[in-house]
Amino acid sequence: MFDIVADIKKDFIVNLLRSKKRVDNRAFDEYRPIVVEPGVSEKAEGSSLVKIGNTQVMVGVKLAIGEPFSDMPDLGVMMTNAELNPLASPRFEKGPPDEDTIELSRVVDRVIRESKCIELEKLCITEGEEVWIVFIDAHILDYDGNLFDATALGAISALRNTRFPKVEDGRIIYSEKTDKKLPVVDRPVETTFAKIGKDIVLDPVLDEELVLDARITIGTNEKGDICAMQKGGDGTFTQEEIIDLVNKSREKSEELRKLV
Amino acid sequence: MFDIVADIKKDFIVNLLRSKKRVDNRAFDEYRPIVVEPGVSEKAEGSSLVKIGNTQVMVGVKLAIGEPFSDMPDLGVMMTNAELNPLASPRFEKGPPDEDTIELSRVVDRVIRESKCIELEKLCITEGEEVWIVFIDAHILDYDGNLFDATALGAISALRNTRFPKVEDGRIIYSEKTDKKLPVVDRPVETTFAKIGKDIVLDPVLDEELVLDARITIGTNEKGDICAMQKGGDGTFTQEEIIDLVNKSREKSEELRKLV
Amino acid sequence: MFDIVADIKKDFIVNLLRSKKRVDNRAFDEYRPIVVEPGVSEKAEGSSLVKIGNTQVMVGVKLAIGEPFSDMPDLGVMMTNAELNPLASPRFEKGPPDEDTIELSRVVDRVIRESKCIELEKLCITEGEEVWIVFIDAHILDYDGNLFDATALGAISALRNTRFPKVEDGRIIYSEKTDKKLPVVDRPVETTFAKIGKDIVLDPVLDEELVLDARITIGTNEKGDICAMQKGGDGTFTQEEIIDLVNKSREKSEELRKLV
Amino acid sequence: MKIGEPEKFIIDGKRLDGRKPGELRKVKIEVGVLKKADGSAYVEWGGNKVLAACYGPREVHPKHLARADRAILRCTYSMAPFSVTDRKRPGPDRRSIEISKVTRQALEPVVFTNLFPRTAIDVFIEILQAQAGTRCTGIVAASMALADAGIPMRNLVPACAAGKVGGEIVLDLSDVEDNFGEADLPVAIVPQKDEVTLIQMDGNFEKGEFEKAFKLAVEGCMKIYEIQKEALKKRYGGA
Amino acid sequence: MKIGEPEKFIIDGKRLDGRKPGELRKVKIEVGVLKKADGSAYVEWGGNKVLAACYGPREVHPKHLARADRAILRCTYSMAPFSVTDRKRPGPDRRSIEISKVTRQALEPVVFTNLFPRTAIDVFIEILQAQAGTRCTGIVAASMALADAGIPMRNLVPACAAGKVGGEIVLDLSDVEDNFGEADLPVAIVPQKDEVTLIQMDGNFEKGEFEKAFKLAVEGCMKIYEIQKEALKKRYGGA
Amino acid sequence: MKIGEPEKFIIDGKRLDGRKPGELRKVKIEVGVLKKADGSAYVEWGGNKVLAACYGPREVHPKHLARADRAILRCTYSMAPFSVTDRKRPGPDRRSIEISKVTRQALEPVVFTNLFPRTAIDVFIEILQAQAGTRCTGIVAASMALADAGIPMRNLVPACAAGKVGGEIVLDLSDVEDNFGEADLPVAIVPQKDEVTLIQMDGNFEKGEFEKAFKLAVEGCMKIYEIQKEALKKRYGGA
């Protein structure tokens, strides 16, 4: 996803895959161990720490009151932002968000938004004037591949964990959370596959990401509908591969959804 | 205007001029063929595509409703912006506007503003609160010299072509244009001359711009009044040359004005 | 503070200090000659030009009307900004403020703010809606060391010199100043010491700043209370040194305070 | 219901602009429209008006981006301020940056970058008028500009979206279908090779719908491919 | 009185959170918590949650920053948007830039930078949850991350603040004490060496108060130092 | 009528500030006012207070800007936040960038840049107080700072504006004349050589008016030139 490693490394991984093995001995369609810890922050209205193998992502949700978009005057607003913190990898650099950071933010935003898991119409305070704004901020803490799935999982976990703060005279009292939960009615998740040579594996680890030819991320909701999709990488998929992976995604999504 | 070419090229052009010839065989005071196509965009409230020789500039006018400046509470607002798109020339680079881009924007803005061709007092909706804002955006598409004249021409052509969109309950319905035209009461234009060695030519082509010593742009209104002027280049003009060029500008402006 | 000079230069200065001498023959606890010229600008509501030796700083105060912070609805707002203008030194570069510029702004802001010398509660116009905003802008004109003390001195001098402009129908008439002074009730100042080798000197000149090991700036109010403190440099102080310098600062501050 | 949302999208088998579900909007492609660029193309597709220019292979700035074994391909998608309903502020926004990235990855598989080590091939896509489907229009234009610049490629890259409106799968969404429809699925392919170089999607496809839409999008790509080849023939003559 | 200001800060010798004036909040330090960093540490201190990572010694980019005679130490203090009450916009603000600078200068005196000429040692401090005292927490975490990365140092650098609330000198301000108290004095030291590497202060200390607070802060540093050593022992064993 | 606009600009042949139409405001020039700059000048002109500093010839950063056959001249015009009625945000705005460019081009014709290949000559102009005519004041100050730095030049560059107010052509507009007048024409020249190095104009000149204003501006430049020479003599003595 971010750099070139020697052709030798690529050959090694491709040959390994040809003999049906992965660098970390997983099956081709197996996730690394996943841990989801919701509620890790007291300052955020919602939060979650997700680990997929050595990859760690923390997601925080902040609520604020602001203006709606003028063409959707009765809907709340949601914004998703990810940061590829240089703390998480020697490959990440300080500075304004690059195309990889922006793609991650937008692909995670897409599955949350398009699944309509947040009932935005319930976030309207005064039509056309005041609505709740939901800020979803993802911080990558340790980067060992597959940020899409980890971040999307962290986002939905944090959202489900979000409670409204107290409001007094139109002013938010952040220090006092109420029991009222953010209206979240679905559990969308994303699953990512990498194509390396002719083989396709689920949940690529960093070493696999660095040599992949093509990548595809598929987002689904609880019903198994497809809500978001993003192909990456400089290579290609066949049509059959894509249709196949869409079906596989539905399956694997269920594993993820159990965790939130 | 933007780079150094070999002294050889300069010598060649200077010698050519000394023998009364230009690189493209034009007379010293002759424009390249000019084409003005107003109304090239449906999304913009006004638009125009201008070609001067191989130079192509597209200008779009967007209208919006906003606040007036506090010291001119009953006047509409106009803003001019030009982009030297890297698509238009290997000499243009991505990134924030450089001094050439800003100069172009400001010199074109000057002639439009100072000629008072837009009746800004008619763009007031509620004094001190709401006025029409006129955004003039110029996009350079192909750069073969003399952006000042092409952009100014495109701006006035687009402005004359601008119609108000429908307004309903204070909301603009951009998809429905009305028959009401933007109140434009003059046709200011700019003419640019380049001094190369001892010779002065109208409408410099890129090859001439690259070797010019000094440049002058003169803006006039329909009455022949001078409204804007800008000298450029690291060389100088004599006083007589300037007075002469001001008179020549009045003449050549009439040719341009016929096109809008 | 900003660069490395040859070890030779450092050795020279250290040895000089070891024999109780400074590069400009001052005593270790002696300021260079200080000149404070208040009221140097007619456009600013308050202003002052401060010279400490060859270091020159101009501070201007502008007043505006704006919104208070939401958690301090009945208090005026103050902002301090310093610019290390490339005009003042070959060591300063164009561009966004670097860490040295920001530190200077914030350390000067600190002593003004924490001394509560401006009665911000008197700057409230309409609670929660309109308050006076006090912009303190420092421009470094000639940089020969010790910007902290010079800038802080310029700031308090300019503030004490600030008069309100006329206000008519909620609009500021900047061209007419009233007799009403900004309510400034204290004269906080800052004193800066540099530790070079084992010696500590007051008011380091540029050559001393370039070789210093550690730096400390201490801000006090008229009563002699400590209001602000900032250690700098890659070296350290002993606890005793710090306690000592705090006391010395109280003393030397009186000299500065007499000048404003 | 959002402001401006139509009640129905398909009436008597026809869409609001009169098209059948599987029908493309009108497409016009012209090649070699700019003088200064090494290659260029202008595409009108429905209400979209898009210009693309290609420069290169040329020197890389900054130099550390150069690759010893191949050319780097760079794509910049940008929208003119007047190309959209509400004036867009000049400069790249997050959406443009994402589209620039997927555009590059849509084109990369066909370009023989290994022929030009240590150089850059730059493609600039300028949206002059936007009316749903600008990323596909941009990829089509970019692919033509590369060809016009004489950059060796395995093939052209056509692109086309399918989508879902009012519960039906349709080809090539219009503005109103894009704004109020249920799903959008842009696809780019290498024709004759069964290679998908771009696929993105947002909205909602139930089981079965995705496959139907995907196949329709690929069919759309093949129609676009014919128009692309026609435009090249018109410009350069053809066998 | 500002909104939310308590009437009293100390009641019957106890602070609002039950602590005695000279008592620290609870501190928990864990070392080696990240896989990709060369060294890392996680510190919980009162309500603060802070992660630090160290990379290096490594190549310097951009190259002109490299020094022929030593490594450059670079520190970046940054706050997660969700770490504070009102969401913080991503990217460095002026406060973060100042804290990054004083943090670097607090650590520089103990690092043997001369052992690694022409390289960079980068320390990243990420505030995941902020509750007064983040700069001290950050320095403590950074110092542990450096140690975990095996960077040779003269000693660890503990940091701790003292302050004044309701007229009394207290150790390690809580959130409410920081917001409404009268003075804050963060200090960092090299233990056993009588070296102060960081001191900053804002508020108001009358004569005598400063000295008292300063000594209390240094004592606080020594308590933190013990916890730092404990954490290293726990990770690496120890004599 | 804009807020603050006077009814008449000229009453009984006198302007609002008492000057005759062809009269300059008071000008005071001082050279060598800064210690760290290689050359410097301070100019008060009417209510304008402007400082200029020159550094160079010196090394060029970034290096790729250097020219093998000459020095590059760089000019930066900047306004202090407190120099104008409404506080100006720090940092360059579009107007400053344009003025920096035309200032450089006004000075370039007199500087022997070919004597110092591969170097930079940097001129910084700081507007401390602005009251109409800052660009001319800046050019005058810059030209003196260059001379003070010992940069070889063919001549000094004086600058002065003429304009139109209340229908009359006048020299050297005041603040109120600039804000509400009908035209402004700043000019810079190389004295004795009939060379115009800067001319800009905005407003409205009818036929004939331009020529009159232009000549008046050139005369103004010559008056300024005398004051410039005087200031140099005062500083360096003179024959």
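In order of appearance the chains are A, B, C, D, E and F, and numbering begins at 1 in each one.
Keep in mind that, in the parts below, contacts are C-beta pairs under 8 Å (C-beta built on N, C-alpha and C of every residue); 3 or more make two chains touch, one makes a residue touch a chain.
Computed from a prediction, not measured in an experiment: that's the story for all the values here.
Student: Where centres are the averaged C-alpha coordinates, which chain has the largest centre distance to subunit C?
Tutor: Computed centres place D farthest from subunit C.
Student: From the mean C-alpha coordinate of subunit E to that of subunit F, what's the distance rounded to whole Å?
Tutor: The mean C-alpha positions of subunit E and subunit F differ by 51 Å.
Student: For subunit A and subunit C, what's the span in angstrom between their mean Cα positions?
Tutor: The mean C-alpha positions of subunit A and subunit C differ by 47 Å.
Student: Just the number, please: Cα centre separation of subunit B and subunit E in whole Å.
Tutor: About 57 Å separates the centre of subunit B from that of subunit E.
Student: At what distance in angstrom does the C-alpha mean of subunit F lie from that of subunit B?
Tutor: Averaging C-alpha atoms per chain gives centres 26 Å apart.
Student: What parts of subunit F, by residue number, touch at least two of the other chains?
Tutor: As it turns out, subunit F has residues touching two or more other chains at 4.
Student: Got the subunit B residues that touch at least 2 other chains?
Tutor: If we look for residues of subunit B contacting two or more partner chains, we find 97.
Student: Round the ring, from subunit A on through subunit D, what is the full list of chains in order?
Tutor: In ring order, starting at subunit A and going to subunit D first, we get A, D, B, F, C, E.
Student: Going by the contact rule set out above, which residues of subunit D touch subunit B in the complex?
Tutor: These residues of subunit D touch subunit B: 34-37, 47, 49, 51-53, 55, 58, 76, 78, 80-87, 90-91, 122, 124-126, 128-131.
Student: Which residues of subunit C touch subunit E in the complex?
Tutor: Going by the criterion above, the answer is residues 4, 71-73, 97, 99, 102-103, 105-106, 110, 113-115, 216, 221, 223-240, 242-243, 246, 250.
Student: Can you tell me which positions in subunit D touch subunit A when the two form their complex?
Tutor: Subunit D reaches subunit A through residues 2-4, 67, 94-95, 97-98, 100-102, 105, 108-109, 185, 190, 194-207, 210-211, 214-215, 218.
Student: How about subunit C: which of its residues touch subunit F in the complex?
Tutor: Its residues touching subunit F are 40-44, 47, 54, 56, 58, 60-62, 64, 81, 83, 85-90, 94, 96-97, 135, 137, 139, 141-144, 174-175.
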